Amino acid sequence: MAFNLYYYAAPATFYGLAGRLIPWFAWGSAVLAAIGLYIGFFVAPTDFQQGEAYRVIFIHVPAAWMGMFIYLVMAFWSAIGLAFKTRLSFMMARALAPTGAMFTFISLWTGALWGKPMWGTWWVWDARLTSTLILLFLYIGILALWAAIDDRNRGDKAGALLTLIGAVNVPIIYFSVQWWNTLHQGASIKPSGTSMDEIMLAGMLIMAAAAWFYAIAAALTRVRTIILERERHTDWVKRILEQ
Amino acid sequence: MYEPILSVTDLACARGERTLFRGINFQVQAGEILLVQGGNGQGKTSLLRLLTGLSTPLEGEIRWRGERIQDCRERYHAEMAYIGHVNGIKDDLTPMENLRMAAGLAGRRLDEARAEQTLGRLGLALCLDLPARVLSFGQRRRVALAGVLTAGALLWILDEPLTGLDVHGVALLESLLHEHTEQGGLVVMTTHQPLSLAGACIRPLRVGDTDVTPTSELTPQGQ
Amino acid sequence: MYEPILSVTDLACARGERTLFRGINFQVQAGEILLVQGGNGQGKTSLLRLLTGLSTPLEGEIRWRGERIQDCRERYHAEMAYIGHVNGIKDDLTPMENLRMAAGLAGRRLDEARAEQTLGRLGLALCLDLPARVLSFGQRRRVALAGVLTAGALLWILDEPLTGLDVHGVALLESLLHEHTEQGGLVVMTTHQPLSLAGACIRPLRVGDTDVTPTSELTPQGQ
Amino acid sequence: MLRFTLTVIRRDLLLAARRRGDWITSQFFFVMVVSMFPLGIGADPNILRMIGPGVVWVAALLASLLSLSRLFADDHRDGSLEQMLLSPEPTVLLTLGKALAHWLIYGIPLLIITPVLGIQFALPGEAILILVVSLLIGTPILSLLGSVGAALTLGLRGGGVLLTLLILPLYVPALIFGASAVDATLAGTGAEAHLSLLAAFLVMCLLISPWVAAAALRVSVE
Amino acid sequence: MLRFTLTVIRRDLLLAARRRGDWITSQFFFVMVVSMFPLGIGADPNILRMIGPGVVWVAALLASLLSLSRLFADDHRDGSLEQMLLSPEPTVLLTLGKALAHWLIYGIPLLIITPVLGIQFALPGEAILILVVSLLIGTPILSLLGSVGAALTLGLRGGGVLLTLLILPLYVPALIFGASAVDATLAGTGAEAHLSLLAAFLVMCLLISPWVAAAALRVSVE
Amino acid sequence: MQWASLSDFWAMGGYGLYVWGSYLVTFAAIVLEIILLRHGHKDTLRRLRRMRRWEEQ
C-alpha cells in the first residue's frame, strides 16, 4: 500500500485519522500505566539504599524524558513548517507544547520531592536540575509568545523560530551548566549511576511507554481542536458542525 | 501597445476572521494614477501594504514588470516609495537628517543642497534645524513627503498623503503628482479628500463591496 | 445681550525660541463655532492646547464663565471635551470599553446601550468587539469622536477632527456639529478641509500673521 | 473622589487583564532574574543562603522598575493621559490610583512566588516568612516612589538620568530595611525593628508621593 | 552591502547621541544594579569577591535586555522600520547592523565601567582584566541573541518583559562561561578554556541570529 | 508484595509524603490536562456552531 503523505498531511484527512487513533492511544496509555504502577508498587522490591522513596522514579524519569523529547519533536515540526509551509506542522508544534511543559513541570516537582528525603534539600543547582528548569522556562517563553500574538500566521512562524533557536541552544545550555556545576561543587550528587534492579527498570520503561501514549493522545486531541478552529470556513468543517 | 508595469491578479486579503476583499484585479502603466477608494475600514491600507510587499496576500499575486514581487524584492523596492498612515520619520532627528538617513538606508546618496531644496519646496525652509518632535502635525507629514520626493522612485504608494496638509500643501502635492506622472511615474494612492488632478490619467478602484460603515444609512438619533 | 461663555484676552504663545502668536482676543458664546484657521505650523494646535489648560500661555488669560480656567479647573474640565492629533484611545481595549472607561475617568456613568448606540451612529457597529489596535485609521478616529459625543460636554475642542474620515464620516460630523450648536453647545475647532456648516454661527479666527509655510510663493523647481 | 481612584484602578486592571500573559510574564521575569544569580555566582548553598534575601529584593526592585517605566508612558503616547488629566477629578487621585493599581498587578504576585525562590536559595522557613512580610510592606513603596519617577521621566527627554539618579537612591532605604530584616532573622535577632522602620517609610511615601507625582505629571505633559 | 550595514549603525549612533538621556540611563542602571548588592547583602569583602563576577554578569544581561526591548520598537512605532524593510538591501544586513549598533552603544560602555565595579567588589586586578575580556566577548552575544527576541516580540503587548522571558534562558551559556572564566582566574586555574568556549558561542550567534532576526522581523511587521 | 497492611502502603516506609506528593500532583496535572482538552474541544465545537448560526443570519 502506497503511503500518500500529502493525503494524510491534509488537515481534513488528518482530522478523521486522529479521531480514530486517539482512543487507541488513550486506552493504551491507561492500560500501560496500570501495569507499570502495579509493577512499581507491588512487584518491585524496596531499594536497599533509598527505601521506598525510590518509587518516585516510575513517574520522574518518564516525565523527564518526555519533557525533553517533546521539545525535540516540536523543533522538528517547526523546521518542517518553516521549510515547507505545511499548515499541519505548525499546528502539531502548538499542540505539543502544553503537554511538554506539563511533563517538564512534573519532572521538576517529583525531582524536588525526591530530593528532599534523598539529599536533604528540595533543590540544588545541579547541572541536570538546572537545565530542566531552563527547559521549562523555554516552554513557558514559547507559550507566552503564542499567547501574546493574536495573529495566527505570525504566531505560528514566530513560535517556530523561537523553538528552533532554543533547540540549537539547549545542548549548549546543558553542557555549559554541567561544566559550570562541576567546577563549583566537588562530588556531584547526580542521580544517575544507581545500578538498577531489572524489575524496576521494566516498570520504569512501561511507565515511559504509558507517558508516550498519553502524550500522543493529548497532542492529537489538541491538534483536532486547532484544526477545527482554523478550517472553520471549509466545507468539511461545516459538515461536521452540522452533525 | 498597453504594457502594464504593475499588475495584480485575483488579490484577496483577510484580517483576523474577516475577508476584506477578494478578486481584485488591476494594472497600472507608466504615467497613471491608481486612486483606491472606499470608506473607512474597507481595506485600502491593507491593499496598499500588500502592494508594498510588507504583508502577504491570502490569495492572488502582484507582479512588477512581469515578475512576482516576492521574487524580485530588491529590484522592486529600489523602484518604489511608500508612505503609510504613520510618517516613518524619527522624532529626534531634524528634517534634514531624516531625509539623508532615509536615503542612506535605501542605498542612495543625497547631498545636503538637494535635501535642502526639497525641504524648501515643501515649505519647511524654516524648520531645517528643529527636531521633528516639535514640528506641527502637517509639517511632519511634509517631511515624510519630502522623503518620497528624494527617493526618485518610479512607483509611489501613498496612503492618505493629504492628512494634515493645509490648502497650500494640497495644491503642492497635486502639482507633484502631475509632475511625477508626466515623467512617466506610477502612483497608487488613497485619499478621502477631493483632489483636482485634471489632465492626469486616473484609474479609480473601489475596495470593499459590503459597506462596513453604513453611516449614511443610519438615521441620526438624538443624543 | 451678548454674554460670552469662553473669552480669551491678549493670548500669546511661545514654542522654543519662536513666538507663535501674540495678542489673540476672542469670545465664544452658546451656539457658536470658533473655526481656527492657519497653515501648517502656524500654531493652531498650540492655541487649542492652551484653551484646554494642558499648557500655560506666555501672556494673557482664558476665562470660562468669567473665571480664569486655572482657578476653576475642575468645573471647566467637567464641561469640556477635547480631541487632539492623537486619539487618546487604548489599543488593547475594544471601542466599547474605551468609551466606558473614558466616561468612568471623567466621573460619569455610561451604560452599555448608550455606548453601543453612539458607536453605531458613528458606523462602528461591526467593530464593537475588536481591540482598537486592529481598527483602520478612520475607525480609530471615529472612536475618539464617539468619546466626545458621550462626554455630554458644553464645549468641544476639536483639533482636525476630520483627519482620516471618509465622506460619510465628514457628513456625519457636520450634522453632529449642527446638533451640538443648536442645543447651545460651543465648539472650537480647526480643520484644513472644507466643511459645509451652512446655518451654523461660525466665527473664523486666523492664527499666525507671518506665513511660515509660503509654499505658494515658491516657484516649483524641477526635481 | 474615591470612586475616581477606583475607576483608575479598575481601568488599569482591565488593561492588564487584556494583555493576556503580560501579568504572568512579568512574574516569570522576577523568577528568572532570581534564578540567574546562582548560575552566575555558583551553587554553594551557604553562599546562596547569604545572598538570597538581597537577590530577591534587588530582583523585586528591578521587576517593579521595569514595569514602572511604562506606567504613564503608554497612556501618554496614545493620548489617554491627556484625557485623564482633563478629567474634573483631582490629579493626585489619578497618580494614587495608578500607583495602587501597579502594586496590585505587579507587587502582590511577587509575594506569592517568593517562597519558592526562598527554597531555591536554601532559606529556612522563618526567614522566608519575614522575606514575604518585608516585601508586603516594601513593594507598595516601590510602586509609589516609582510613580514619581515615571511621571518625572515622562517629560524630560534628555534628562532621564537625573531622574533615575533621584529615584533609585530613594529606593535604597526600602532595600536596606527589607533585606536586613531577613538577615536579622537568619542571625537570630528579631526583625521587628527593621520591619517597623519599613512601615514608617511606607506611610511617608503614601502621604507624599501621589502629590509629587501629580505635580510632575502636569509639568511633563505641558 | 557593507555600506548598508554601516549606514544602519551610523543612524543608530546618531539617534543614540540625540537621546543621550536614555543611553546614560542604561549605563547607570548597570551601575545601580551592581551597587545595590553590597547594600542588600552586606559588606564582607570575602563574600563580595565570591559573588562579584556573577553579579556584574547578571547586571550586564539585565542592562542589555532593558535597552533591547526598544531595539526595533521605536522604529516600528514611527513607521521608519517599515521604510527600512522596504529598502532594496537584504534584511539580514539590517538586523546585523542594528545588533552591532546596539553593542557599540550599550555594550562597549559597560566594559569601561566594569573595572570600577570590580574594585567595589574587592576583585584582584587579574580577575578584573578577565572579567572585562569575558564581557568583551560576551556582550555582542547579548546584543545578537537579544535582537532575535526584540524582533519576535515587536509590537506585542508587554513586549519588554516578554522579551526577557524568551531570551534570558538563551543567555545562560554566555553567563556561565563568562562568570566562570573569572571564577577560574580567582581559583588560580586558567580562564582560557572558558573564554574560548565563549568565543565559539559568539561565532555561532553571529552566524545564526541575524538570519533568524530578519525572518522574525518580516513576520512581525506583516 | 512487601506491604503488610494498607497503612503500611500509605506510609511508604516513612516516605509517604514525598512519594504520594509526587503521584498526587502528577495525577492532578494529567487529570487537569484531560479536562481542559475535552472541555476545549467541546467548547470549540459549540463556539463554531454558534458563530456559524450567526454568520448564516
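Labels for the chains are A, B, C, D, E and F, by order of writing; each one numbers its residues from 1.
Basically, a contact is a pair of C-beta atoms (placed from the backbone, for glycine too) under 8 Å apart; a residue touches a chain by one contact, two chains touch by 3 or more.
What you see is a predicted model, and the numbers here were worked out from it, not measured in a lab.
Chains that count as touching both chain D and chain F, per the definition above, are A.
In the contact between chain D and chain E, the residue numbers used by both copies make up over half of all numbers at that interface.
Chain pairs A-D and A-E differ in how many C-beta pairs are in contact, and the one with more is A-E. With centres defined as mean CA coordinates, chain E is found 25 Å away from chain D.
Mean C-alpha positions place chain B and chain E at a centre distance of 37 Å. Computed centre separation for the pair chain C/chain F is 57 angstrom, with centres defined by C-alpha atoms.
We define each chain's centre as the mean of its Cα atoms; on that basis chain A and chain F are separated by 16 Å.
The residues of chain D that reach two or more other chains are 18-22, 25, 28, 32, 39, 42, 77, 157, listed in rising order. Counting partner chains per residue, chain A has residues 137, 140, 144, 148, 150-151, 177, 180, 184 touching two or more of them. Residue positions of chain F in touch with at least two other chains are not found.
Residues of chain E that touch chain B in their complex: 3-4, 7-8, 10-11, 14-15, 18-19, 75, 77-80, 82-90, 221-222. On the chain A side of its complex with chain F, the touching residues are 41-43, 45-46, 51-53, 55-56, 59-60, 63, 98-99, 102, 105-106, 109-110, 113-114, 116-117, 214, 218, 221-222, 224-225, 228-229, 232, 237-238, 241.
On the side of chain E, the complex with chain A involves touching residues 145, 148, 152-153, 156-158, 162, 165-166, 168-170, 172-173, 176-177, 180, 183-184, 197, 201, 204, 208-209, 212, 215-216, 219-220, 222. Contact residues of chain B toward chain C in the complex are 15-16, 38-42, 44-45, 85, 117, 120-124, 126-127, 130, 134-139, 141-142, 149, 152, 160, 163-172, 175, 179, 183, 192-193, 212-216, 218, 220-223.
For chain A in complex with chain D, the residues that touch the partner chain are 121-126, 130, 133, 137, 140, 144, 147-148, 177, 180-181, 184-185.
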